[in-house]
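In what follows, chain A forms one complex with chain B and a second complex with chain C.
And now, the complex of A and B:
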């Protein structure tokens, strides 16, 4: 086993993990903390990708700047969507799984809307750093993956600090544990969930911008990420942002090492095998309670 | 009284004949209008619609206006059999043709066989290899042994290198088309006497291709052959650039690099890549009618946000319909056996040149092109329309230049 191959596989795995964390942290909030099975999360990621692509091709704006500028809009979209979901399902006492049909509908409607608006061809972005690779001895750092890694890390760590150190953040953690108790303390759990879901969708918008930096996108691409965006928060521990980061790292490194040393077609089997093994020993996930 | 009855009967008979003559001749198919191959599928559909418009302007087929009945298969093979059963049982189409791509052609063949339909297909790599259906036809110009024919040119180009290469890495996606292409590549590799140092596939959901390219680099191959779909073609080319892949020849049967979309996206990253094409705007290639076709197609495609170059599927989709139309017209009726027999026994003059089919429905003589991309300086489309950027290396009759190697030192 060559040292440089090993080092590069590790670096690739970590860079991939950064991207994985970005696409799944929203589900860690929505599903892990709020018990909302938002299977349409990848559709919002695609929405973010297309927004970034349009701004890039029309005005030459960097995708990450577009994501930052549009975060409030994605937040607002998430907040409105949650109100609709709450009125239709949660308020009527329906189990979260019943809301699946709602979110499946959102997934397909979003996909079709993207097709009608943009067609089915692949879209991508052009930036100064895509195509550039930093080399440190035998280790390569392609900026196409490194920049999304940095942004994702900043977003995930920022969320972790926000949720653990601010009052609102603690109410979000509390709403997933005991809504009644939270209500008794004078906090409206529905409002908290609405704002938290808004944050979840805002992260999807950012993840979309990172996705389109890494690879071309087309409207139905989101379906390929449904399994991944749920698997990582489950592996990391439901409701744990730190767990999502670690879960993403585990899967990213497993994927990269398998692809490098054993053959890429084994990568999904190994990655999800690791997931099953982890759950066998810790059913609540790595950082779950 | 008898005369008036006879007149009425004659009028009714004439009206019914007239109605039958005006009844559309329905051609049914599924097409990948969404999903990973949606972009190309839509471009193919536009070309087919251009053909239908041309035919209907001249009075249709058998005096009947041509009407397409089609559904989106979403590039999902599981959707295909049901759609073709619907086309035949519910929509009662007169003729069928295929969707685009090996993955969605293969599941339609059993339905065509069961109903004994003549089945013209659009760009599948040997999906009939197992079925051996005698009414199957393929417009992709791979030749009578399609998987081998598709990839032969890449390895013949490689063997022109001096000194000759000795090792090869083979890689492709885990899907029907790349599997078929790799199977053919292995036959060609064996014939060329090359040693395989890497032979693996990757899932179609792969996001990062750098570990794969690094693993390939670790085996130091002289030649790297890739069989891929559009997103992975882009991924492999980007990864080869980021890893600074050192090899003498890199490329293969990579779907996607033929489209305007990926050509503009990747731009100069394509320089040096040896890729499969079916048309190149080189002075050595002059298929009669293709330039007029492209001149009509390109503005229509641009208006519909489709592949605005049209060098890949569109001329062949149009040619496919030309062949079907000519055969039907010559046979004079909808008779699947006679239509198939007609296609087998005639040479057709189309916008992609003369086409004659072998016994197995593939082209009697293959002519996939292998080109080397050169001199691309930006991410615009206009460069690609001019000669000098897709140098035809193979086959010899259309060659417009020689291979420049090694790959890593010829990236301009």
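And now, the complex of A and C:
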């Protein structure tokens, strides 16, 4: 194995990890903190990709600008979806499996709706930096990966600060632990969960814009990310954003090395394989209590 | 004894319908459409043994179906085995994988189990795509006999009869599971696993029986698929639409009774076959997904739930 091949695989793995953090931080919030098993998360990521791609091809807008502009809309979509979920499933008591089927249906319907609206062709975006690559000695730093890496880290770290420093952030951390106590503090847990779920979906929209910078997208791409978005928070110990970053680093590097040394057709199995192993042997995550 | 009577009646009806249609219906398309609907009866019934009776959601139905289909392909490449042997092999392979999946993941909370089934499906998909012996991503062909055996007029008619018998068998097994002590144990797990465990129900063993049985029946449904299309490729048999359909049908029909998935499969499967002629396939899938979302939200106990309440 040559040194530069190794170094390049490592660097692109780390860059990929940054993007993976953006993809999975929403699940770390929704699943880890709120206990809402939103398996439709990848569908919202793809919705973000398509929105960015449409704005880019029609008006030449940068995907990241589109993502920022649309994040209130994604937030509202998430808030409404949570209301529906709460009214239909959470309030009726112990029916988590119907909730799963509900989100599975949403995932499928969104995918088919994208096919109906845009067809099954790949869509991409055009920006100045996509073709550019900075070189440091033998190591390549493609901006196509580096820009999403920076945006994603900024978003993840920002969320971590927001959740740990503000009062609202702490109510989000508390809602998964003890709703009654939260009630006694004068906070409505349903409202907290609604807003937090909105944030979760908003991160999916941003992650979608980053995804379409990294690679062209087509409607059924979303389900390839189901394993990833769940593997990372499970590895990171559920509901911990710092853990999510570590889980993303593990999967990013594992995926990059698999693609480099065994061929890209094996790469999709990595995240799912890691998820299966993590669930089977260490369901509380690498740093679980 | 009542189970034997029921099985006898189910198989009798299957044979009667198969013989009657074979004599009366000239149109070959009828047999291919009915084969697909009956295939969904088997898939939905199999899904319901784990999902409806035991309360564990399996999102990987397509993978078990594909295991059956690819067992058939592999067996056909090794030795051109007769169809009954292929069906047995498909059921055995998928059942074993179901057992293994159960061992790996059934100690987890239900939600993690559901996510693990998605992961399993994707891992198996990647394995098949990279496995050249069964055609890899290109897919594989199966050579069909010039004249179908046992005096059938066409392969479509033969497969329809075989699938009708398999549906009768699957439904009889599901009904047996439901009325036996096994079914009571599974229902106890579904309603409160902790309480069941405390009352002395051997939960892990029952859950393993349930995953194995459910997986085996799905594999059985997939085993004849290569001969139905004479061509199999990974994207087709691992298609998410199998997973969505086999969840939507029991949910729409009703999950707590063996008849629910049958009603759901006949209605939804039949509707799709009728629509397929008139509207593009994607609208068809959209309808299934939308019906799933609407039913799970508005009518959580499905069509069977309407009759029970009155």
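The definition used in the following text is that the second predicted complex is superposed on the first by the 256 of 289 C-alpha atoms of A that agree within 3 Å, B and C clash if a C-alpha of one lies under 4 Å from a C-alpha of the other, contacts with A are read in each partner's own complex, and residues count from 1 in each chain.
In this section, a residue touches a chain if its C-beta (ideal position, glycine included) is under 8 Å from a C-beta of that chain, and two chains touch if they have at least 3 such contacts.
Quantities reported herein were computed from a predicted structural model and do not represent experimental measurements.
> Looking at the overlay, does A:5 come into contact with chain B only (first), chain C only (second), both, or neither?
first
> Once the structures are superposed on A, label A:264 by its partner contacts, choosing first (chain B), second (chain C), both or neither.
first
> Let me test your reading of the model: by the given contact rule, A:172 touches which partner, first (chain B), second (chain C), both or neither?
In the superposition, A:172 contacts neither chain B nor chain C.
> For A:104, using the defined touch cut-off, is the partner it touches chain B, chain C, both, or neither? Pick first, second, both or neither.
After superposition on chain A, A:104 lies in contact with chain C alone.
> Would you sort A:279 into first (chain B), second (chain C), both or neither based on which partner it touches?
Once the two structures are laid over each other on A, A:279 reaches chain C alone.
> Would you check which partner chain A:249 touches, where first means chain B only, second means chain C only, and both and neither mean what they say?
It touches nothing on chain B or chain C.
> Applying the touch criterion given at the start, work out whether A:115 contacts chain B, chain C, both or neither, answering first, second, both or neither.
both
> If we overlay the two complexes on their shared chain A, which of chain B and chain C does A:224 touch? Say first, second, both or neither.
both
> State whether A:70 touches chain B only (first), chain C only (second), both chains, or neither.
In the superposition, A:70 contacts neither chain B nor chain C.
> Does any part of chain A touch chain B in one structure and chain C in the other, and if so which residues?
In the superposed arrangement, which is not itself an observed complex, chain A uses residues 111, 115, 220, 224, 265, 268 for both chain B and chain C.
> Across the complex, what residues on chain B touch chain A?
33-36, 38-39, 41-42, 74, 174, 200-203, 205-208, 210-212, 214-215, 218, 230-231, 234-235, 238-239, 241-244, 256, 259, 261-262, 265, 269, 304-307, 379
> How about chain A: which of its residues touch chain B in the complex?
Those in contact with chain B are residues 2, 5, 8-9, 12-13, 15-16, 19, 111, 115, 118-122, 124, 126, 130-131, 133, 140, 142, 144-145, 214-216, 218-221, 224, 255-257, 259-261, 263-265, 267-268.
> How about chain A: which of its residues touch chain C in the complex?
Touch residues, chain A against chain C: 37, 39, 84, 88, 92, 95-98, 100-102, 104-106, 108-109, 111-113, 115-116, 220, 223-224, 226-227, 230-231, 234, 265-266, 268-269, 272-273, 275-276, 279-280, 283.
> So in the complex, the part of chain C that touches chain A is made up of which residues?
Residue list for chain C touching chain A: 51, 55-57, 59, 104-105, 108, 110-112, 114-116, 118-120, 122-123, 125-127, 129-130, 137, 240, 243-244, 247-248, 251, 282-283, 285-286, 288-290, 292-293, 296-297, 300.
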